[in-house]
């Protein structure tokens, strides 16, 4: 490995890192919003919307992000809907993630025992109070490990952004290999930057997961 | 809308053959992952400190490295570093098995540890010997827990195989691109039809499998 | 209870059987690969690790009865796959001839622009015949044979907003390039301020260009000219950019037996005007007759100037378009 090459590449990787993190986290935020909404309408069996949510979840959970992005970025403009690569990456990740998050939130909502609803209503809480201050907090805290697992999954999925010309970490590595043929150095930096991006999330995830486990054990 | 291009020549058949390539890679990888994962999972459940440390590092690598990065390292990196030339499909199977084994091992370990010690004790006190305990009590429970999750792994494998296009394997997405390219003049909107069909093909391949996994999981829950 | 158990065991054996079946399927496949790899690993074992031989010599290829040739599968009309799944195009026509004369079966490997050097460096293909422009940087990594085509860079843009000079590109505009092509290298080096939108395949780059995400597409001029001819809404505003280059077959660094054989082949094919026949079989539908003398390099001998090429062809054949290209190229070189 050539140290000079590595040093000269670092600024490019930092640029790509910022883009990857930015679009990745924006996508995750969108995924949380979509997921919560879809889980909500399905849990309360809101007519029509819950049907759509079900179809959406099944479609996006059972297809790869790469194919989704290809369809959104290259296919949709053919019928008049053109969006920029960055928007496509963010929306694509949000849609994929939303379908995974929805499942997590849904099982979180289901984990709150029915008896709590009954007792809260008996105590005189309104439906809104019941949902916002009794069910939702418990459902979310139940969902935390699942959410974190999905966050890691989605951050990893950003590596397919390269296919739609986003200069993310993966694309930068591929591009540098194609331009200067220093394969080892380019791949080495790629691994390093993914570790920087994901190791902290993974470690925090494990810590929280352990705590959550204790809570469910009733400690 | 660009669907007509799929009716030309063998185009639809080619697309399906491309999907076949992805399916083949995922099934081979899942099979390898199950075998190696079960072995590793049992080893991990033994709680040997050395194995624990090694397996923790291994699982963490799999957890944080995108499969695409691993594909590039194995496909291009190994040849440079070790001087072995791998076929793209072999590289893909290695990477997906590397990933699947970790997932399976973690599941097996979890399933093994989730069986309370009292079950072993009561089986013995009922007069079963060790072999019988495993044969009639422990293994059936583990299998029940494992099968839905392993089936679920198959769908995730299939979805992930869409990445192998990036290391030059001609699978369904690449065939789709070739079709779009060869018919750019005659069917300018082919990109819409072709990518939509590929999207649906993946759905048709994965959805029944994930339904099966969910069904089994529900059925064996209690 | 008993029945339930039986079912479970059945399920378990089924999964196991499935696993074993797929495993053995894989085993036989890898055994096949193994035999091909063995020859190279045997050979490399005798050499040092640092210069371990990744390539196969001419004799090894002949012995195996198969040659791996890297071509584009999405670059119409040079290398693409038709609706019957057959590889076609100018590069492929030449590849087929090489296979025929070697007396071996051809195994086409679909490559992307950015991985062409990798494929040779790692011995995944024996020859790259994928519109590979000869450059100094590449020649350090691979060995080029004699050329068979002329090329320069070109820029195509939509007719209603034709870009005739790179200075017309506004700071926010994006120019589409394909990763790993000479166009990318040239623009990165000489016009670092132009924003590039990079794709890794021809198919995605062209589709995206059609979808209007970039103001122009920079690539080999052969490619952009073909694109403008086939797509009426587009015009090649800059027909020639950078230096006049050539396209040649490439082999792994040091594979002299194969290289010499290809060179001999190109020279002898020149005597039968093979590349003109190739042009007429694969490119004439796209370019017409006009570009034949400008594009084709016969017998590995590049005509010194384009004027020689045009004097060669009959007066009426040297069209406005080709002389335009020649003019632009002299302008470009004088500007440098």
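Chains: A, B and C, in written order; residue numbering restarts at 1 for each.
In the analysis below, a contact is a pair of C-beta atoms (placed from the backbone, for glycine too) under 8 Å apart; a residue touches a chain by one contact, two chains touch by 3 or more.
Not measured: the values here are computed from a predicted model.
Chain pair with the larger contact count among A-C and B-C is B-C, by C-beta pairs in contact. Chain centres defined as mean CA positions place B nearest to the mean of all protein CA atoms.
The distance from the centre of chain A to the centre of chain B, each centre being the mean of the chain's C-alpha atoms, comes to 20 Å. Taking each chain's centre as the average of its CA atoms, chain A and chain C sit 37 Å apart.
The distance from the centre of chain B to the centre of chain C, each centre being the mean of the chain's C-alpha atoms, comes to 33 Å. Contacts with at least two other chains are made by residues 115, 118, 121, 200, 204, 207, 210 of chain C. The residues of chain A that reach two or more other chains are 74, 77-78, 162-163, 174, 177, 183, listed in rising order. For chain B, the set of residues that touch two or more other chains comprises 76, 80, 166, 188, 191. Touching chain B in their complex are the following residues of chain C: 5, 8, 11-12, 15, 18-20, 22-23, 25-26, 29-30, 33, 37, 40-41, 44, 49, 52, 54, 73-76, 80-85, 109-112, 115, 118-119, 121-124, 200-204, 206-207, 210, 230-231.
Contact residues of chain A toward chain C in the complex are 73-74, 77-78, 82, 84-85, 162-165, 167, 171, 174-175, 177-181, 183. Listing the residues of chain B that touch chain C in their complex gives 8-11, 14, 27-28, 30-32, 34-35, 76, 79-80, 83-85, 87-90, 93, 136, 140, 143-144, 147, 150, 166, 168, 170, 174-175, 177-185, 188, 191. Chain B makes touch with chain A in their complex at residues 1-2, 60, 63-69, 72-73, 76-77, 80-81, 155, 159-160, 162-163, 165-166, 173, 176, 188-196, 198-199, 202-203, 206-207, 210. By the touch rule above, chain C contacts chain A in their complex via residues 113-115, 117-118, 121, 137, 141, 179-180, 184-185, 188, 197-200, 204, 207-208, 210-213.
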